[in-house]
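You will see two complexes here that share chain A, one where it goes with chain B and one where it goes with chain C.
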Partner chain A sequence: MTRGGGVILAAAALALPFWLQSPYHLHVAIMAGIFGVLAMSLNLLLGYTGQLSLGHAAFFGIGAYTSALLTLKLDWSFWPALGLAVALAALAGFFIGRLALKLRGAYFVLVTISFAGVISLVSVNWIELTNGPLGLPGVPAPALGPWSLRSKTAYYYLVLTAVGLSYLVCRRLVRSRIGRALVALRENEPLAESVGVDVTHYLVLAAVVSAAMAGLGGSLYAHYTRFVSPEVFLFTYTVTMVIMVVAGGKGTLAGPLVGAVLFTVLPEALRAAASWQWQMLVYGVLLVLLVFFLPHGIVPWLAGAMPRLAGTVSASPAPPPPDAPPARG
Partner chain B sequence: MAELLQHLLNGLVLGGTYALLGIGLTLIFGLMNVVNFAHGEFYTLGAYVSFAGLALAGLNFFAALSIAIAAGAALGCLCEVALLRPLRSESIDTTMLVMIGVWIAMQNAELLGWGGVAKSIPHPFPTAPLVLGPVAIAPLRLFVLVLAAALIAGSWLLIQKTKLGRAMRATFQDRDTAALMGVGIGRIHAATFAFGSGLAAAAGALLGPIFLVYPSMGDLASLKAFSVVILGGLGNLPGATLGGLLLGIAEELGAGYISSGYRDAVGFVIIILVLLVRPSGLFARQERIA
Partner chain C sequence: MLAVRDLAVRFGGVTALERVSFEVRPGSITSVIGPNGAGKTTAFNAITGYLKPSGGRVTYDSVALTGLRPSAIARRGIVRTFQKTSVFPALSVEDNVLTGLHLRGTAGFFAVLAGRRRLAAEERKLASDAAAVIDFVGLGHRRRAIAGALPYGEQRLVELAVALAAKPRLLLLDEPGAGMTGSEKAVVSGLIRRVREQGLTVLLVEHDMRMVMGISDTVIVLNGGKVIAEGAPAAIQAHPEVIRAYLGGSAGAA
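After this line comes the complex of A and B, so read on.
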């Protein structure tokens, strides 16, 4: 995305509450923001290291439960609870990264699924702490000094700040040595290793940052819906994140955000026409179709199509497809 | 002691069907290099077909089981030909995403078709347990154990003794050389996927009457199948059989002596521990992590 386009988009996002009058539309915008953070988080692993985490809902849930429990049971205020939620999710990411990133591909997927499964079972069975399947109602709304962020507009700006920060963290990371190391690992691990890239170090780093962002999303979600239950570990959340990243364009900065907006707004728009089960069915079919027909996602496709449509060649050539199929091996 | 024996027997019944699931998955995974996350959906399909046959059409148990296996194999074959064959030269991650899509689509199609309410499959067996010395077993469970054992033995014979089985083993060892020797790889892949899916459907049809049938039952079945494959080693048929029995018994013991709420955690913990400590599986000889 060009700098000008980015500024325009940011300004539009800032002005959104002024022309979205209905609280329902604002609610959709808030959910799109929270999922934007989650999708960016998954993209760090799936898009840049090439490792698919199908246990990402675990980090999301850890963030949500930590934040909810601290504010409910220990009367912490929102901000330190948010901080600890992010830190605990990052810690979980560190352990999973340390343990699992010796494994690649399907084996990494399985370890992350299993981890999410165990955590989810703990949330159901450790009733003294988590209240089991009944969940924890009454999570307090956050406040900023004397101002409560209870209103949808205020919460929208809180989420937007989180999206902005997450985006900047991703951009900083991806455009640094670290990002180049990650892409080198994704494309050809033995080669990257042979020129001195410390594989485990960078993969664990990506896992930690990714988990921390998912924890941030979880905390924001808990204080927005004001209710946390084992449903936060539902596989549906992970699937939604995967669809957003794959559809938007994995391994691109803007892709997860485009995917998040698209797949929050579309289901809401289609809600009248189709039930939730239909939506999930369509998600499944869509994932298959995307792999066949748009394997790089919307953003790289647009980036390729834009100059052609405008009939000009842009000053900065379109980046090569970020996830050219790696060599079989 | 009697309690331990009882747990072992129950574990064996469960483990027999886990072995069926695991054998199907380990063949697909090992031979086609496809991470089949939809495997559990074929299990669900088998259970629903058996429900339709027994409860709605009033067929006998064997007819319903046969139809379930045939339906699983047919859909598996279709899946291979329509979705996996065009992607054969793609990376393992690409086909994994496709199979995740199939998983979500199939599960929600079942949810739409059958509704979310769990169904129980009627069966013709008496409910009074057979008492064998210190242990007791419901006739249905005994029947399921025997059928699972027969299916496992049948799979083993197919792999070891038939021409198709030899071609499958050759493809597993070295796909390119097998192709050069005149093995039709496309045909073998379709047969493998159909065979694995049929076994998963059989497992669903067998366990369906013991437990309840509901659309998301395949999720846990997939994970258990993966635990079995990981325990047994990739493409390892005896390993998958032993792994299945081991997982069934471990779950029964975990549920009996630790906490029944964490029964399903046993499979997860096995996946994590085995992958971390001995990633080639407990019974494997070859290295399998790229």
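After this line comes the complex of A and C, so read on.
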């Protein structure tokens, strides 16, 4: 994305509440933001290091439960609870990262699924702590000093700040030697090792940052819906994140955000346009078409199409590299 | 100096290397040759940490390398290339080489997140280092090209550039000329000589006898997992055991 385009998009995001009057539309925007944080988090692992975590909802759920329990049971205020939610999710990410060193590919996928399954079972069965399947209602809305962030507009800006911070973290990481090391592990691990890239260090680092970010999303989700139940560990959440990352463009900075907005807005738009039997059908067909025609995702396709449309591509028709990180600088 | 002592590698009941010992003098170009299956690549893998030897030890400047991970061995200045072409396929030539420069960067996690100003200076320095390495292997015109889309010969040069970027003191090349045309091999031979002139030590595995005899100071011949001869190229070419190993195993069988 060019700098100019980024500034325009950021300004549009900041101005959104002024022209989205309906609370329902604002709700969709908030959910898109929360999923944007989650998708960016998954993208660090899936897009940059090439490890598919199908238990990503676990980090999301750990963040949501930690934040909810601390504010409900210990009367913590939102901000320290958010901090500890992020830290606990990061700790879980550390253990999963250590595991990833021994397991790759399908085995890693299985371990992450199992991890989410175990955490989910704990949330259902540790009734004294989590209230079991009934969940935890009445999670307090956050406040900033004397101001409550209960209103949708205020919460929107809170989520937008989180999106901006997460984006900044991803961007700085990706465009540094750390990002190059992550991509090197994805592209060719033995070669990466031969030039001194420490696999242990970078895989764990990616897992920790990714999990921390998912924990942030979880905490924001808990204090927004004001209710946390074992449903936060549902496989659907993980699948939604994967769809967003893959459709938007894995291994690109903007891809997860584009995917998150699209796949939060799309189901809602379909809900308004069609009866529920048709909703899922249309959703499914659109998804298949998207993956079929844009296998690398929307953002890499746009990045390739933009210069073509502008007529700036010279005689060398170099297609955009599959899965390559966006142009540097 | 690299010293290999009694290096042994066994896969189950198969002995790939059996008490192999040799030394590589600093500043030399040393070649390891031998028929297919002689254990050349196995020796490379054991030296660079990709394979755990069943016995023996490898030292570099009297420090043991055995048991270290490949990345830790790279940090000690020993960098290898691979027999099968090995680049970061989706990245540009420039990003390939920048990745090779990994150990020359210093930016840590928190410095990166904080976006320190000196990082930009470091990135500029790395970019100019990368450009120098790319020019050295003669790929200046390919800087922005995607490595995986380059012709085979150029991919092998990218591979060499990535290894050189890691600033090795000892460079191990696994069949750098494999699959190349005669003129491409001449280019690679020239590069290997220039690398040595810059003070690097080179150890290579190679099948092309003309290339080996043309650039090596010392040639080590492996056969059946053992060193059967070691010496200057001329002496090796006349060595009866070597001729036997290459022209037919049964000629000298007891």
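What we mean here is this: the second predicted complex is superposed on the first by the 292 of 329 C-alpha atoms of A that agree within 3 Å, B and C clash if a C-alpha of one lies under 4 Å from a C-alpha of the other, contacts with A are read in each partner's own complex, and residues count from 1 in each chain.
One rule holds in what follows: a contact is a pair of C-beta atoms (placed from the backbone, for glycine too) under 8 Å apart; a residue touches a chain by one contact, two chains touch by 3 or more.
Here the structure is a predicted model, which is why all the values come from computation and not from measurement.
Peer 1: Regarding the shared-chain residue A:Ala181, is it in contact with chain B (first), chain C (second), both, or neither?
Peer 2: Only chain C; A:Ala181 stays clear of chain B.
Peer 1: For A:Tyr283, using the defined touch cut-off, is the partner it touches chain B, chain C, both, or neither? Pick first, second, both or neither.
Peer 2: The answer is first: A:Tyr283 touches chain B but not chain C.
Peer 1: Would you check which partner chain A:Arg172 touches, where first means chain B only, second means chain C only, and both and neither mean what they say?
Peer 2: The answer is second: A:Arg172 touches chain C but not chain B.
Peer 1: When the two structures are laid over each other on chain A, which of chain B and chain C touches more residues of chain A?
Peer 2: B
Peer 1: State whether A:Leu20 touches chain B only (first), chain C only (second), both chains, or neither.
Peer 2: neither
Peer 1: Could you tell me if A:Leu52 is touching chain B, chain C, both of them or neither one (first, second, both, neither)?
Peer 2: first
Peer 1: After lining up the shared chain so the two structures overlap, which partner does A:Pro190 touch, if you call chain B first and chain C second: first, second, both or neither?
Peer 2: A:Pro190 sits against chain C, while chain B stays out of touch.
Peer 1: I'd like to know which partner A:Ser114 touches here: chain B for first, chain C for second, both or neither.
Peer 2: Only chain B; A:Ser114 stays clear of chain C.
Peer 1: Thinking of the overlay built on chain A, is A:Leu294 touched by chain B (first), by chain C (second), by both, or by neither?
Peer 2: Touch status of A:Leu294: no partner.
Peer 1: A:Val199 contacts which: chain B (first), chain C (second), both, neither?
Peer 2: Second partner only.
Peer 1: What part of chain A is shared between its chain B contacts and its chain C contacts?
Peer 2: Looking at chain A, the two contact sets intersect at 328.
Peer 1: Give every residue of chain C touching chain A within the complex, in rising order.
Peer 2: 48, 50, 69-72, 74-75, 79-82, 86-92, 95, 98-103, 105, 107, 109, 112-113, 115, 119, 123, 126, 145-146, 149, 159, 162-163, 165-166
Peer 1: With touch defined as at the start, can you tell me which chain A residues reach chain C in the complex?
Peer 2: So the residues of chain A in touch with chain C come to 169, 172-173, 176-178, 180-181, 183-184, 187-188, 190-199, 205, 318, 321-324, 328.
Peer 1: Along chain B, where are the residues that touch chain A in the complex?
Peer 2: For chain B paired with chain A, touching residues are 29, 35, 83, 86-87, 89-94, 96-98, 100-109, 111-112, 219, 223, 226, 230, 259, 261-262, 264-265, 267-269, 271-272, 275-276, 279, 289-290.
Peer 1: Could you list, by residue number, the parts of chain A that touch chain B in their complex?
Peer 2: These residues of chain A touch chain B: 50, 52, 54, 99-100, 102-107, 109-111, 113-115, 117-118, 121, 124-125, 235, 239, 242, 246, 277-278, 280-281, 283-288, 291-292, 295, 325-326, 328-329.
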